[in-house]
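Down below are the structures I want you to see.
Two complexes, one shared chain (chain A), two partners (chain B, chain C).
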Partner chain A sequence: MNTFAQAYQWVNLRYLLEGLWITVEVSVISIIFSFLIGAVFGLLRYMKIKYLSMIVGFIVDIIRNLPLLLIIFFTYFGLPNILGVRFNTLWATIIAMTVFESAMLAEIIRSGILAVDRGQMEAARSNGLTYWQAMYHIILPQAIKKMIPPIVSQFISLVKDTSLATIIVLPELMYHAQVIYGQNTNFMIPMFLALAVLYFIVCYALSLLSRFLDRKLSEA
Partner chain B sequence: MLRCINGLELISSGQLVVNNFDLADKKTDMNKMRKNVEMVFQHFNLYANKTVLQNITLGPTAVLKQSKAQSEDEAKKLLDLVGLDNKANSFPDQLSGGQQQRVAIARSLAMKPKALLFDEPTSALDPEMIGDVLQVMKTIADQGMTMVVVTHEMGFAQEVGDRIVFMDDGRILEDRKDVSEFFKQPEDKRAQEFLSKVIKHI
Partner chain C sequence: MFEIFQNYGSQLWSGFGYTLLSSLYALIGSLVIGTLFALFEISPIKPPRVIGKIYVEIFRNIPLLVIAMIFYIVVPQYFAKIDGFTAGTIGLTIYTSAFIAETVRAGIESVDVGQMEAARSNGMTYIQAMRFIILPQAIKIVVPPLGNQFINLVKNSSVLAFLAGFDLMYQGNIIASTTFKTTDTYFAVGLLYLIITLPMSYLMRYLEKKWSTEGDEA
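What follows is the complex of A and B.
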């Protein structure tokens, strides 16, 4: 029991919370960017514009099928060699996460739109609405409702996957925990427990948000 | 054929002129053409995210740029016409098939079209509901609306239609102004065969 008390002394807890802050920061920024880019890419691929949709689909498929860790390595170690630009660990992680998650979200968004019954668009068009009016009033509102659960699960994976950035020494939650039990291996189990609790809280908050949005949209 | 008339599908050959819009011409503004031609679908296709009232008012407000108040006023009158004035605030999935189809008809009428297209409007309904929908269609026909109806309801076609076209496999086999004559003496072989099988049911 003494080990736990020692492991959870205030200096350590504060150090963990600092790591958590970086984790949240990376997650929130990546979520915002990847959602915007994913929405554009998903829509472009859905719209079947000559060449453009094909190119977007090609890029999305490649990125989706690469391990995130490889993309992180590439942005952190690869880009300086190729382009001569070096990002710090924070931005390298954010860029890598955004690239990867945009591709994942693009597919979720595209399939969400595809899941709306084709008759809805036909009815709207023969009702006199233009393509974009139909999208705005009819298709997207229905698609968004279908998309929310998978999008939120994707965000939850994103939060957990930020821990991969430990490898490029981003001072996020996982890395800080490693530093603490690196100094005293007895702290390993208490730290694992703390990690589990902290990741759970953040991710569970996201699931609650999903349920809240779902209910809000059902009322509307 | 209906899907060609309102441009949901393009014609592969020949000529198709709807209300002075040439549909074979790629430059034709389909949006403009569709303002005057409305369609009622086999599977209703009501907007699932909108209430009955919103289903009807969306076209008039978004396309015809009518005020919301005026559109809602007209929508309520149309709901009255199709006998669903108490369902204005329901969502489509709360209605039976027959009710949904009557809302779809009201939605089409709200655009004050020159013509109404019906794509097998009663095929997806259970038998008891068919009568309600046909009754509404008859009322509209009696008011002088131009209607093109694809249907397997031979009794209805015979009673209401004033021109009948018999089609099979995308081809027009008979085109008659005299409807009852078609039912008595079809000329085409395929039509004879069809009627001999179907007429027993009615």
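What follows is the complex of A and C.
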């Protein structure tokens, strides 16, 4: 028990919480960016515009089927060779997460819209609504109800996946825990316990939010 | 990129083999464990239901990397010596089994109870009803999401790179750091991942479409 008390002394806890802060920061920024880009790409692919939708679909499919870790490596080590600019670890992570997650979200958003019955659009159009009016007032409100659970679970994945950025030495939660048990191997078990608990709290809070939104929307 | 394949082809393909092998082991393991916990979750008795729920919620909400690292550094320190490949594959199995449990549970729950009752009252035995009525419907519901789990498994197996697991990502990093041709190497690695994941993903989309429209016609 003494090792636990030592491992959880305030210096270490504060260091862990600083890491958690970076994790949350990276997650929130990536969630905002990837939701916006994912929505645009998902809609573009859904609208079946000649060539454009095909190209968007191709890019989305390629990115979705690559490991995020590869995209992180590529953004940090490979991209500077092409672009000639080097990102710091924070922005490299945010860019990599955004690229990967917006592809995942684009697909969720597209299939959410597809899941709304075609008849809805036809009925709206034949009642005199324009395409965008029908989309905004009829299709999207129904699609959003179907999309919220998969979108939130994607966000949960995103939070968990920020841990992969330890490999490019982003000072987030996982990396800070490694630094602490690197100094004293007795701290290993306490640190992994702390990691599990901290990640669980953040992710479980998100899944409770998803359930809450789901209930709210099905009442409406 | 061709240069990388020419000079380091055998190293890349060996990584490809380890990635595939780890994904297959983890798929089989997580199917077994996942189905078991799915049955726990729909059990009429409370204790297994609670155990199933706790298992799924814990492992769905903790990063795979944390689970894999526990097997890679904590387990050898205090329990048994295991190598990176084994540790990574065990981590993958546990992590994925939580997702598979959810998929299987949803699949079983979505087949209407009336189907079994109707089959039985038409004179079929329980086994016949399962074989001809329930399972064909359940499989159609469960296979596309399970396929997507396999794709995730292949992608997630890249955490083996953290554990010296000899997988594709690990070999790619070694090649990238010895040749300094990072861009080319990562393109080559990406291509090899896509060889597995892209056809799988199109197949699952095709099956999903085919089986969902069949349902509408019937």
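Annotations
Everything that follows uses one rule, which is that the second predicted complex is superposed on the first by the 220 of 220 C-alpha atoms of A that agree within 3 Å, B and C clash if a C-alpha of one lies under 4 Å from a C-alpha of the other, contacts with A are read in each partner's own complex, and residues count from 1 in each chain.
The rule is short, and it goes like this: contacts are C-beta pairs under 8 Å (C-beta built on N, C-alpha and C of every residue); 3 or more make two chains touch, one makes a residue touch a chain.
Bear in mind that the values here come from a model prediction, so they are computed numbers and not experimental data.
Once the two complexes are overlaid on the shared chain, A:119 sits against chain B while remaining clear of chain C. Of the two partner chains, chain B is the only one that A:137 touches; chain C does not reach it.
Of the two partner chains placed by superposition, only chain C is touched by A:67; chain B is not. Shared-chain residue A:127: touches chain B; no touch with chain C.
Within the superposed three-chain model, A:28 lies out of touch with both chain B and chain C [touch as defined at top]. Within the superposed three-chain model, A:199 lies in touch with chain C and out of touch with chain B [touch as defined at top]. In the superposition on chain A, no contact is made by A:90 with either chain B or chain C.
Of the two partner chains placed by the overlay, neither chain B nor chain C lies in contact with A:40. When the two complexes are superposed, the chain touching more residues of chain A, out of chain B and chain C, is C.
When the two structures are aligned on the shared chain, A:161 is found in touch with chain C, with no touch to chain B. Within the complex, the chain A residues that touch chain B are 117, 119-120, 122-130, 133, 137-138, 141-142, 145. Listing the residues of chain C that touch chain A in their complex gives 57-58, 60-66, 69-70, 73-74, 77-78, 151, 154-159, 161-162, 169, 172-173, 176, 182-183, 186, 189-190, 193-194, 197-198, 201. Against chain C, in their complex, chain A makes its touches with residues 61-62, 64-70, 73-74, 77-79, 81-82, 156, 160-161, 163-164, 166-167, 174, 185, 188-189, 192, 195-196, 199-200, 203-204, 207.
Note for the complex: chain B touches chain A at residues 6, 8, 30-31, 34-35, 37-39, 41, 43, 45-50, 58-59, 62-64, 104, 107-108, 111, 117.
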